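First chain written, first letter: the chains are A, B and C, and each begins at residue 1.
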Amino acid sequence: MEITKLEAAIEAILFTMGESVEIEKIAKAIQHDEDTTRKIIYNLMDKYQTEDRGIKIIELDNAFQMCTKPEMYDYLIKVASQPKRQVLTEVMLETLSIVAYKQPVTRAEIEGIRGVKCDHAVNKLIEYNLITEVGRLDAPGRPLLFGTTEDFLRKFGVQSLEDLPEISNDKYEDFKSEAEEEVQLKLDV
Amino acid sequence: MEITKLEAAIEAILFTMGESVEIEKIAKAIQHDEDTTRKIIYNLMDKYQTEDRGIKIIELDNAFQMCTKPEMYDYLIKVASQPKRQVLTEVMLETLSIVAYKQPVTRAEIEGIRGVKCDHAVNKLIEYNLITEVGRLDAPGRPLLFGTTEDFLRKFGVQSLEDLPEISNDKYEDFKSEAEEEVQLKLDV
Amino acid sequence: MGILVKLQVFEGPLDLLLHLIDKNKVNIYDIPIVEITAQYLEYVKSMDREDLNIVSEFLVMAATLIDIKSRMLLPKEVNENGEEEDPRDELVQKLLEYKMYKFMSLELKDRELDAGKAMYKIPTLPEEILQYEPPVDLDKLLSDVTLSKLNDIFQMVIKKQEDKVDPIRSHFGKIEKEEVSLPDKIEYIKDYAKMHKKFSFRKLLESQHTKMHIIVSFLAVLELMKTGTINIAQEKTFDDILITTV
């Protein structure tokens, strides 16, 4: 096989593995002996020397690893330290409202109310520190319980959870009679 | 700064991050505007096309990510562990294609097209992070709307929704003429 | 006993219809509704009745087909433009749309095959950068969220949940599926047979509390006969059956 193809294969291997890979393994993968493999890698390493490459291959004992060139470090810090774009989606708002009013609440309960999985929303809300784990339910599997954080209370200017706008029983009754009316209408038809 | 240096920086960033990185972040890191950044990345992508490269850069919506070229797969599975693959059933694929092409779409719309309930498929697709809730329809009952995720783009090798295999009136026409041909054949017999 | 035929499984009524249209090599725009309806009903008849949800979806389509069939017999309806309406039109549109997405799902599957071969790399950020967590700007994040909006959202979510609860059916008692396993029942009858060398089949059934228990008991007796653990005898038709342990 052509050398270029083998170079490509080695590049792919070192990239995917991320960590150092023994020459023995690389040789097996490209089905050549270790000496030949080593020559190909050295050749590849030379190619990486050019200015337009941000990564390089280093040799460690009998292994090789791909890593960024040290002079790239500044760029990396700039990317990694950029704040993530934070948005509250409708899904997250719904989840937040359920946690606020039903806390402490399990993931399964939230899913029961919304009718869909909510892992992503819950994780994001935890990341944004709007909700947090507050314990575990004393039930099979001991599921985690979630509640709102102090940050949440502070942000909404609520002294304590009792200050949340009330969901009155009236409202529940309203919904109920509304639903019943609808059904009645259907039956009349 | 020279273009080559910037290319090197982008290569280093994409290599280190491993995950997809938004164009916005890359642009900030190399201190250029997004348009220029995009041009540099496209240029870099071209360079990766050569035979001696085993990796490439893919575009996903407004982000870029580095991955191995598919033809390297055979070498890679010899060293790397096989990536976990979710098997999609026919039902899930049908549901997914409806979401992909009609998004944002409600459960009821999907069911309307398929003629069967699809709760299980929708929930599985959410669990696999191929589709996600994207909001609610402003209609009675405010039903949830679903759309595809970045994982969907990656899994199906699609750059953006515009890049989906084309669904068009042509296809309808194809089906139509196919059907007509069949009839013609019968008449000829 | 009839011959067991393994039926092809269809994803839904439209899937089945497309299959029939394909099998009969007919034009989707000119479905021979009488034949197709007959074949469709034939399939539905042979369906496994276990999952009523699935069967009922196929039945809705059956009703639609019969409706179309009967309308085909009537003089054609004319629309506002004075054109004759084909009762099959709506179904044809649905079939075409479904067929299209089914086709696209295969295209997607092809793409998946190729894209699935690309491998990625886990992030290898230096530790100190990894540790960095961008602060969350709650003010910005929650800029247009007020307490009352949160309240509205919660009520909307709750209302949605209540909408889903059928007020009539929810008043019915809960029907729980009772698990009766055949191996358990076989054990039970074996024990029973140990205590009574000779016993009445009718008595055995009378001691079963639910229909499911009776059915499974019957199956268990059949099984024990097959394995030669018990013998049965019946004098006359409709007489009680006597069971003896071998």
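Note that contacts are C-beta pairs under 8 Å (C-beta built on N, C-alpha and C of every residue); 3 or more make two chains touch, one makes a residue touch a chain.
A quick note: this is a predicted structure, and the numbers were derived from the prediction, not measured.
Trainee: Please flag the chain sitting at the greatest distance from chain C, going by CA centroids.
Mentor: A
Trainee: Count the C-beta contact pairs for B-C and for A-C, then tell me which is higher.
Mentor: By the number of C-beta pairs in contact, the winner is B-C.
Trainee: Can you compute the centre-to-centre distance for chain A and chain B, using the mean CA position of each chain? Integer Å is fine.
Mentor: Going by mean C-alpha positions, chain A sits 18 Å from chain B.
Trainee: Centre to centre, by mean C-alpha position, how many angstrom separate chain B and chain C?
Mentor: Those two chain centres are 31 Å apart.
Trainee: Using mean CA coordinates as chain centres, what's the gap between chain A and chain C in Å?
Mentor: 34
Trainee: Do you know which chain A residues sit against two or more other chains?
Mentor: 12, 15-16, 18, 76, 80, 82, 115
Trainee: So which bits of chain C are touching at least two other chains?
Mentor: Chain C, residues with two or more chain partners: 119-122, 124-125, 156, 160, 163.
Trainee: For chain A, which residues are in contact with chain B within the complex?
Mentor: 2-5, 7-13, 15-18, 21, 25-26, 28-30, 47, 50-55, 66, 68-69, 72, 75-76, 78-80, 82, 85, 89-91, 115-117, 120
Trainee: Considering the complex alone, what residue numbers of chain C touch chain B?
Mentor: Touching chain B: residues 11-15, 25-30, 53-54, 57, 61, 94, 96-109, 111-112, 114-125, 156, 160, 163 of chain C.
Trainee: What does chain C use to touch chain A in their complex?
Mentor: Interface residues on chain C, with respect to chain A: 119-122, 124-126, 129-130, 132, 134-142, 145-148, 150-151, 153-168.
Trainee: Could you list, by residue number, the parts of chain A that touch chain C in their complex?
Mentor: Going through chain A, the ones touching chain C are 12, 15-16, 18, 67, 73, 76-77, 80-84, 86-88, 93-94, 96-98, 100-101, 113-115, 127-130, 151, 155-158, 164-165, 167, 171-172, 175-176, 179-180, 183.
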